[in-house]
Amino acid sequence: MKKYIDQGKNDTRSGYGAGMTELGRSNPNVVALCADLVGSLKIETFIAENPERFFQIGIAEANMMGIAAGLTIGGKIPFASTFANFATGRVYDQIRQSIAYSGKNVKICASHAGITLGEDGATHQILEDIGLMKMLPGMTVINPCDYNQTKAATLAIADYEGPVYLRFGRPKVANFTPADQKFEIGKALLLNEGTDVTIIATGHLVWQALIAAENLENKGISAEVINIHTIKPLDEEAVLKSVKKTGCVVSAEEHNYLGGLGESIARTLATQHPAPQEFVATQDTFGESGTPDQLMDKYGLNNKAIEEAVLRVLKRK
Amino acid sequence: MKKYIDQGKNDTRSGYGAGMTELGRSNPNVVALCADLVGSLKIETFIAENPERFFQIGIAEANMMGIAAGLTIGGKIPFASTFANFATGRVYDQIRQSIAYSGKNVKICASHAGITLGEDGATHQILEDIGLMKMLPGMTVINPCDYNQTKAATLAIADYEGPVYLRFGRPKVANFTPADQKFEIGKALLLNEGTDVTIIATGHLVWQALIAAENLENKGISAEVINIHTIKPLDEEAVLKSVKKTGCVVSAEEHNYLGGLGESIARTLATQHPAPQEFVATQDTFGESGTPDQLMDKYGLNNKAIEEAVLRVLKRK
Amino acid sequence: MSQLIKYYNSRLDTQKIAPTFEIIKNITMPNIEALEDVVVQTRRDILRMVHKVNSGHPGGSLGCTEFFVSLYHEMMELKDGFDMDGAGEDLFFLSNGHISPVFYSILARKGYFPIEELNTFRLIDSRLQGHPTTHEGLPGIRVASGSLGQGMSVAIGAALAKKLNNDNHLVYSLHGDGELQEGQNWEAIMYAAGNKVDNLISTIDRNGQQIDGPTAEVLPLGNLSEKFTAFGWDVLEIKDGNNLEEVIAGLQEAKSRTGKGKPICIIMNTVMGNGVDFMMHTHAWHGKAPNDDQLETALAQNPETLGDY
Amino acid sequence: MSQLIKYYNSRLDTQKIAPTFEIIKNITMPNIEALEDVVVQTRRDILRMVHKVNSGHPGGSLGCTEFFVSLYHEMMELKDGFDMDGAGEDLFFLSNGHISPVFYSILARKGYFPIEELNTFRLIDSRLQGHPTTHEGLPGIRVASGSLGQGMSVAIGAALAKKLNNDNHLVYSLHGDGELQEGQNWEAIMYAAGNKVDNLISTIDRNGQQIDGPTAEVLPLGNLSEKFTAFGWDVLEIKDGNNLEEVIAGLQEAKSRTGKGKPICIIMNTVMGNGVDFMMHTHAWHGKAPNDDQLETALAQNPETLGDY
């Protein structure tokens, strides 16, 4: 199996911050907005270097989304950032009307997504944001897997015209994608070729999928691993090509099993190539306080859960 | 095929209004809230008869959801009502924290759901509310098919303890379910037995599914028709039983194909009994102004679209 | 992917088409009498639009007709053609999108699109959606509205962009009074004052009505002027928002106060349904169209001036 | 279906368990000195809780300690045990849920749950979640908070229910000052005045700080008293919200003004991080825990009184 090396643990939100620093220097149209969470979003350098291009909105996320929409009228490329819950559920209708339906070139950048937010608990741990954003016509939904990929995605979405939801997280996780890898929106990455089962993972679960694939290899099971960083538009071609080869699939996401990546894959299969699927996702519960690792274990969001799901789905082939 | 008689066209929101009138008389704990849309919600009689149990919130849906949550503390059963867009996307985080996560006994009652809202256009035509509400742990999601069933559902949810999303609409549609039929939350209704294909429809599309089944019968195709008024918890048993018999399924909903009923069914199949499925739903677009009938035609949400979907799915069996 | 991007791009494209018209310049409207003619014709347009499709919002539209005529024909500096950015011109945002009829009539008669297109209001496949939108590429519209309470935030964003671009033009916005019950407005109001967004003039249509009745009964707004003042805005009042001269004077006064560190709020008292006697002073015509007889009566009170579409 | 309903019912059940304790009555806290002891012990609890898990919000918690002690030990009429409805007793809602440490300490020491349970703050499987919730059945909590701006609406709903039930008890709520930037508050503020919710006392923790810095720099709140007054509330100020006698006097004054047709707002000036010299007057400790050395220094400034948990 192909080897991936952790270049040193880092948080994906810092990848966002690094991308913003670079954009601040390279793209004069990029402006940043934040709702009283500058430190958590890691955009201090962007702000220090471009104070006039930063808008501190205060604790008013709805207003932030509207202001971002307005800034596009005048040619700006607003990166509106806060915690994932407050960047989606709190402002769904504002995004819907003033950004998505209005076709505004706003980048909604959401940190602390998912259960790995940790100790703050369920009110902050959104597990529905992928579903929320994927339902909006015209919205692009991206969930990169590590620091490098988050940085690359941040740069890529500045060059893409249209509304984007970029989701990243708080904990330090393995950083294993090449630092110079270009980010192609909507293009799934085949991380490992395999023949028995397809594992399609997004975000923090991509690294877990690679570990699972390695463990499975030791058990004589050949797993294909796909990093599906873009959930919408979904790279259906890549999904179908792989599942047609392997005959079954495990989807893995840090999200409720309802409404997220897993259901998008299930739909793709049901309408084009029915096949057995197992979900690695939270089971329609709220999260809770705990360390990221404890929570990933308790809620079944790690390589062990992926491995078990593979064994289950193989029995159903 | 079993015959269903239209007892006279009526709007489902009037079924809600009638249910509220009855609850006003029978259950002293029921209170009603509305955000400046009393006439549209058809609750004038409830208000006239129980003025002290009605709360006019003004145009402030977030506040309405919080007040509803607070009223449960003190034993009230609040029915918080407005247009579906403003009852879900506008207040997702408020529902999430103050109602769903807090386990409050609030009934969120949403009129003008879907594209049949008509002339007001896309800003008011939510096609994502089923997906929004189904992702919330602990939320029950109900979309009845006609006046009688909406009235019955309104009565039923008052007796159920827990948060409920009840979705209904604006246009006058066939009223064909028995006036005395009890509403059982979570129990799918088998409207017609068939052997070739399963049609699972919700809301306004149930009547369209019956018409489609009749047309199909004339073509020698035997369609099983299920009225899946409760989308969450999904009656997976009924879905699987039918699809195991017929071998394929068409889902029909007045909703985006992303995130809604169709994907819930696709997931159920993928994890338990993979089978070909076709979606009758909007194709990830916003709606537009027009008459309900024109829009149902243009966006492929009628019996013809269901029939075509059946023919497509049969070829894939 | 391609399908989605095509879908999205197709929208962008329509937004970028700069129509090849010239904005009808203010010089053609030199005096109040000429503007009165536009007002009356606009009323006719509103009534005929909503009557034809038996839906839409005449009450608020009629109440704001003088405001729109003053704004577009007297106040705003407008470029020829339409582009989304609106660099080098004044901008207007309609937050209470339900009064689209008056907006569409004004835009059409100002040259943004063919007047005949008013015929397609709220019809399927039309650019004149029930609530204004950029989605169909209608020139003159810069953001969708209809879901209430969002427009001031957008206007602030556009005003901030103007500052960044060293564009000295102004941003205007209009809001319903009932609409101010939406909390997002107060976020925007607090932000605009705190950040000295002094190139923004937000007008409140103070007609005292909303869907379920008088605002005083549905949810009292109290003294709006005090509220805006307490939030740090420079507030002025237009006593009779259906008097053209007063409206123009008020807007000019507001303009003269821009650039002084405070956003400007105009509390504009209007009569809902103004100009049609049986529609006035009630919420009944907030979102209801006249029938044939009612239309006839209403039009008789507003005889043709510039010519019907 | 069964799975979901089971899940939901299991939650309901825990919420209904009325613990078999007696609320520690006010008589045990007869004078200010005794209350001061509670204050100091509460500070210790806060510091030790956040230190243990190296997370949580000491700054706001410390600033509101005198308020919580006054409220729960002097002001509120409380029944024995806990039920969700809270009929026949005063209710309290914490809108700025991040200051859960002070809330948990007060509830535990008032008898709502075992004091030792403070040891489980923010740990996995705990009832003491990072932000307060009903979801785990912790007695004393009636709604989840943490996502800011929602608590006043809930408090209003509870106050309306009390009126419907002819229950003459009061509803108290607490809100951060930065939190008031959320628009939902202003919806609630407008509603409470318009509907004469005069059994509600909402206190604002005016510490002038939020996460990114002083409120005056992040987004100025201006004169809050003027704002609430313009919105129709009866407003009073507590000059030093870290002085027990002042806080109690302010709360008593507020209580005396209830039932007169207006909701009551208390603007309570506090010092973030109060009682720990290096945490005071800065936003730095909004959401940061002390390390071992810092804890030692902080505890030395607040010697044990009622006994550590």
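Which chain is which? They are A, B, C and D, in the order written, and residues in each are numbered from 1.
Just so we're on the same page, a contact is a pair of C-beta atoms (placed from the backbone, for glycine too) under 8 Å apart; a residue touches a chain by one contact, two chains touch by 3 or more.
Keep in mind that what you see is a predicted model, and the values were worked out from it rather than measured.
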Point to revise | Between B-C and A-C, the pair with more C-beta contacts | key: A-C
Revision key, fill the gap. In terms of mean CA position, the chain most removed from chain D is C
Check your understanding: With chain centres defined as C-alpha means, what is the inter-centre distance between chain A and chain C in Å?
Key -> 39
Check your understanding: In angstrom, rounded to a whole number, how far apart do the mean CA points of chain A and chain D lie?
Key -> 35
**Study point:** Intercentroid distance (Cα basis), chain D paired with chain C, Å
**Key:** 44
**Study point:** Shared-contact residues (touching 2 or more other chains) in chain A
**Key:** 57-58, 60, 62-63, 85-86, 90, 93, 96-97, 101, 122-123, 137, 232, 284-286
Study note, to complete from the structure: Where chain D touches two or more other chains at once, the residues are 4, 7, 133, 135, 144-147, 181-184, 187, 190-191, 194-195, 219
Review point. Looking at which chains touch, is this a line, ring, star, complete or other?
Key: complete
Exercise for review: Enumerate the contact residues on chain D facing chain C in the complex.
Suggested key: 181-187, 190-191, 193-195, 219-223, 226-227, 229-232
Review point. Inside the complex, what are the residues of chain A that reach chain B?
Key: 85-86, 88-90, 92-93, 96-97, 101, 122-123, 127-128, 131-132, 134-137, 232, 256-259, 262-267, 269-271, 274-279, 284-286
Exercise for review: Enumerate the contact residues on chain A facing chain C in the complex.
Suggested key: 31, 52-53, 55, 57-58, 60, 62-76, 78, 93-94, 96-98, 101-104, 137-138, 140, 161-162, 185-187, 230, 232-235
Check your understanding: Quick one: in the complex, what on chain C touches chain B?
Key -> 4, 7, 53, 55-56, 97, 122-126, 128-131, 133, 135-136, 144-149, 178-179, 181-183, 210-212, 218-219
Study note, to complete from the structure: So, in the complex, the side of chain B touching chain C is made of residues 34, 36-40, 56-60, 62-63, 85-86, 90, 118-124, 284-286, 288-291, 294-295, 298
